[in-house]
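Listed after this line are the structures, all set down as structure tokens.
Here subunit A shows up in two complexes: once beside subunit B, once beside subunit C.
After this line comes the complex of A and B, so read on.
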């Protein structure tokens, strides 16, 4: 029950002024970032800061025989050389599901080598340069063992079946065997890397048994939990600080072994320690996207209606860790089919355990199914857009539930119209401009709406300024901005008067920023907290004898533009600051969260420090997803095989947009990353050494501005009340899904060559 | 990076003297040297900073040709009106090289000293065997990841590709490197790996590049640099060609032709066989495509770089046809 009218507008997908949810407010953190005022984690200036540098294994498998540290220890400025024998053992931490860990010690430096680039030692010195120089003097000898370099290694084998990935209905194999049209093809994606501009690193500092870590983080509370468990100290004793993040893309959600090394060194030295990975180390210090292999088999009738999908997937994982890249995730929801079978194996190779990278699972999954249906379109002679509409899934074919909202048909229509798809010449190799073969391709994408919990604190200060606090983060997607808009709209104040503070684990808690869930959760939490603060404010104004509104005997008041008045305008009008002064209040503070009302402290701890969330995207009556359709034009040089993307029109359904300017920017980021995946990105393994050799940004290619044309995005979303409090669905991961197959489909249309192995480099086309 | 001493040279003579000492290296823009020092490939004991020396950054272009001071920045030469009009291939090679940031820092002299991007050369900790780094230690690239390695001018000791662009244009137009008094052609300045891949340049201790001169020619005036690569910017060439053409008065017969290749060889690669095959011939597509195949005569691939043998003649042919069609 509230005594004011809680402002909950659901509007259309992109309504509102800058002071409201749905307005095109520019990023409030932008000026700090472009002027350099924003201080990133390792830029903290701390007294007595020491510098740690990692020493990595140069073999991919085997055991460390000996580590000779004498020369390093004698080098100028060296404070400490850590090896598996000298670093104090830590406790094993629980995994991100919160599974209780085995009671065995954890050593962040390895004796048993499972991949090239594994941390085996570390040197801490007075200066970074001294640490680098001394690290080169650490001599490690190995008993080398044979390694499985990658999925193509003959020793790799078929891998381990992951039964929980199996999805089956109908009689897929039999239906395929009897289908009039049958296609079967294999699609491969290589290792890809998040390559954030800001490399991973941290500063760790101890005060007694309290640890402060400045580290870029997509999940402060989860990482704080890990540090606390490693060092066997209470969760509350760890403070993670991460106000700004130079890109994460999934790679900064977990505390990793380099963090344990830095925090251990800081504890041993009694000094703050900074450790920053070199760019090459970012290719082995944590996992990128796993390499994948998929076989997609489609059985269809002659007019392109799918009768059966049989899908088999494989992704690589490490020798000791388990990473499953869910390859059947798009395959099982995109098209209606009476018969379906998807199974997946993982194969152990000598690499670091792969990790999350923008739309893990959905991204490679879409490359398979969205390439395969394009192949089917040519076989049956139907337009690639038309075949997608013929097989449109009117409900979730796997969960057998209604879609909460699915504006994919609208996305196809809006995208095709803006792109001019109707003017497409159907035959491959039929459009050209001089030496340039021109191709038009289409593909769809989807990402589930992942839901979890968050809390926020809203504080109205004496001067009328509003503060919002949350331990959630902004890694460029716009959290600062949309939370300011949410608080401004709910409280009736200008967004300029709202200060959002994020990235400190002392603040109100939040779960992981991943799976495109943060905006939906946190706008809900701030909406609730701000509503509660407004409740208090209006309550004071009505009931406090000192209030100018007391004599009015009103039962509610209006707050707008930061000023308080009566609904009928028959009383005084004062600013929030004047109101607070009149009643002698220093501030008003309210917390709000999205947890069920009867949640216990343990429920909350689990909700914010693990991903064991009970809310799946198919809970209840609906299946919840974001959707998109990409229309892409490529120009392929017929002599050189070089592919350039020359036009992109994408229509996307992310539900309601909290800030269309920022949503469009995120979509474009995803599309750009998808173009890189399609044409450039590949971790190249030297199979003799099991090592990535292009481990730097000159050789691991991501797109430059020159590779990216103007990108037109069209929002076709409508508010989805089943997906989030304010009607939004996911934004961040959606747009990359389907870009690579759209490019590959366009390349086929241009050249008549079907490239099923990413990236589509020039030698595959000449 | 290990400690080194830093010396700020007071004159070109002082710089040469200091650079003659063992372990000394000249520092100009630093874009290659600092990078290699960070990878642990370059381990200078002394850096002799010449970046501030006066009079070495002038660019003069006249009737007889161009003189480029060794300390002129890549971006300055690329944007120079005289270079753009009389040596368009040189300007184009420069602005398609590296990134804007690097071009604003890197000097023209230092550009010639750029070293290979072979990943095995650049990672001593993981790949101790590299004949270019440690003579006699072996070649890690052969049998490894070779997509970016050379197919021309290789030896059993080394298959590392020369990565630059500018020098490809320079060898096409018979440019000269000035090492103080001594002069030699850019073509001779770059050495084939043979059995001594550790020696990439015919420069002696104590010598310093002071100037690069390019003689004027009709072919240089009608020239282009065509760079083919997967990424549109900031990538080394999969294959590139610097081409200049002088036509007879009939506007169709080739009087003079210059062709040099980048991205495919262990040094900037002059393709004289293509030039000779087409000189005196009428410029037409079939003949150009046929002759361009001569550009990769004797090429040897190492698996993943086989595509370069297919690609390079196509790049040469396109560059010739494009240049021939220039007004």
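After this line comes the complex of A and C, so read on.
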């Protein structure tokens, strides 16, 4: 029996009222955030809370010779000093693919030092102030060994080839050698840091063998799995709570060693323990974006048509861990070329293992190819926008599949029109305003549509209000809001009547919030769960003898605005609450998930606690990506070389937007982080000690309000049914991709100087 | 090692009097967050670089992480929790932040709002350029800056009218 039509609604980017999917509903979690009522993870007030502070290594390589804890242990208020010798060993946990771990103990405090800033000890005290003071009294001595400071270190070498990154077709080297126009250049990006405003930290509390962790998290179920494996307790015994997250940008997806330290301390003391990294510790307590090097060679004909791309990339990783930043990801899909070769190495340095930061891979990859094609444009004398259209890829050149949707041509057209690109004077240094050189640059960006699975629970309560529960999270993308809109639209109730509960691992399961996958997955899951709840509601109304609709003998009913009526309007009209009361139902509850129907419990556990998922973006007949084009104006002071971004117009194809108001905010946020990457952000390594010297927010420069002009974003997306249930593609990662090359291209247009090392600081221009 | 010493302090926060026994080294930020459950004021860096802990002392914006609790004895402190009127009406700046979507993760937001209220009061919201400059001490990593400027501009007009 099909009681109600589960047809998926596909509209344009701004269909419907604010209450519906596609509407500009203001953030439903907004009131809590603007009044200070939103409690972030470590703000829980718990009885008996103790405070832990980490002690970090001051050398980048070597061994801990001794740790003198006497002074710290005697300091006022100190409860516990943990060292590698006193912290109980844990079990090694599986990685994020779920690979079974080696059966060796795991110690979250290090004896063998592989990077400066590694946790070597921790002090727990009655108050935060006491713990900070006592931590300064812990004396660690080392047997220091030579360190590889960074990619430029002569000891770094060429690194390890990562064969799975190799992509080749045609005869790239030969085609390059015979091409009439050949360019070759190296492009470098430095270490960059996510720097979310909320530092990493947690509160851990034990009740017997059950662990509760309040921790900002992009992946409750994945982190719960890690804690469970470390402490050898059942997965169900770990509860992760994370209702609000103060920014993540990729950095809050994994349980990290500081979490193991805090949970160990809480277990040893039998008290809840709070541990929050200091801001400097956040630069080494987890990895930022790896430094990268790329060589891009383009062979082309004299009309600018690319004949060959040869790409070689390198990223840094740590001595013990493995991080691959896929540098050929944009290179291999952006332009049509008959011949292509991309290979990548990783180089081990004495650093914390790098991690995910907004569009890992695509971001530095785009800096290479989108700078290189701009260089080609000037060599062959073709407008930088025109050369991109001339090499437009009509299908995925690597996967050789049709694009699901690719509104990139539309993005170029809409962006160029709004920016006024036609008025651009082609020659470098040909536009100025007094002593300011003006440059206009363009670059494209892309991000694959990552898909996975999710569950949601939808509950219609006796008073007619609706609850949605999911262990997915909202770190500012707008999950609370779009899931309220999805449930409201599907059920036919006002969004005001929907309460969305997220950020608790006891709720229906969800995988990692990363790679811009959450919105597409979770709107699909909520749509399904709400549809099932509506089926139940209407089914009761039709079949229950106590229902006012029973005599109607209708086979369906309409629910709109929270009221139930017959399609022809010939029967009663009652509220959902009145209907539930009439049939004596306390509530209606339905779970929906997007897993294949025959999935086992083991499949589900794997789907939600690992990133091993069978759904690639080129699965089936299509290649699925989001696309964007950035048009940027810079003003460069001719005497001082200072660069200011004065205008940005970006046109973006994220498919259907679930809430344009919130999507625009995310796009602008990505563009702003991209401006930071282009002009400001660089982790500076002291080569003598392998230490990040600008490990704070005054020296590691992120954009301030005064650095950012007004930004215009234009949605050119259309619903993409191949990418998600409701037609959206990715939003959050996309917009940063291509910003840095657009700025660099604008700087070249302004000054005639090509800067291939980010960030573009003034000494590179004068 | 000497034993910890505490001092009694009396703070007036959002119109309410609080008596505390704290060590002299306790910052206003930690007193608010850890002793008084006023966690709306955020700790982003604890070293005066990010602005997330901005509160008002006698109506002027200060960084609570660089202010000792004992320094503000007897002075009038306003935090984000004290900005809403008694009947629950949002301050014009709060309402404008919601309408303009001037935040995402929300962690810098209380500090941004406290700075914005002071920025308008100081007479530094006369133009977008002026707002950008006088709001530059409050970092927002989500990148809500253009919407923050729009919210401050909107609220400034409402406050003045």
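FYI, the second predicted complex is superposed on the first by the 764 of 766 C-alpha atoms of A that agree within 3 Å, B and C clash if a C-alpha of one lies under 4 Å from a C-alpha of the other, contacts with A are read in each partner's own complex, and residues count from 1 in each chain.
Methods note: a residue touches a chain if its C-beta (ideal position, glycine included) is under 8 Å from a C-beta of that chain, and two chains touch if they have at least 3 such contacts.
Quick caveat, the model's predicted, so the values are computed rather than measured.
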Which superposed partner A:199 touches (first subunit B, second subunit C, both, neither): second
First (subunit B), second (subunit C), both or neither touched by A:129: both
Touching partner for A:762 - first (subunit B), second (subunit C), both, neither: first
Partner chain in contact with A:705 - subunit B first, subunit C second, else both or neither: both
First, second, both or neither for A:686, with subunit B first and subunit C second: first
Which of subunit B and subunit C A:612 touches, first, second, both or neither: neither
Subunit B versus subunit C as contact partner of A:29, first or second or both or neither: second
Which superposed partner A:177 touches (first subunit B, second subunit C, both, neither): neither
Greater subunit A contact set [subunit C / subunit B]: C
Partner chain(s) touched by A:644 [first = subunit B, second = subunit C, both, neither]: first
Common interface positions of subunit A, toward subunit B and toward subunit C: 76, 129, 698, 703-707
Subunit A - residues contacting subunit C, complex: 26-27, 29-40, 43, 45, 71, 74-77, 127-130, 194-199, 244-249, 276, 278-279, 475-478, 661-662, 664-666, 668-673, 696-698, 702-711
Touch list for subunit B against partner subunit A, complex: 1-3, 40, 117, 119-120, 123, 125-127, 143-145, 147-148, 228-235, 238, 306-307, 310-311, 314-315, 317-318
Residues of subunit C defined as touching subunit A within the complex: 1-4, 23, 25-26, 30, 33-34, 37-47, 49-50, 52, 79-81, 83-84, 90, 94, 97-99, 101, 103-110, 113, 128, 131-133, 135-149
Residues on subunit A engaged by subunit B in the complex (per definition of touch): 56, 58, 76, 116, 129, 132-133, 136, 280, 435, 637, 639-642, 644, 679-680, 684-686, 688-689, 691, 693-694, 698-699, 701, 703-707, 759, 761-763, 766
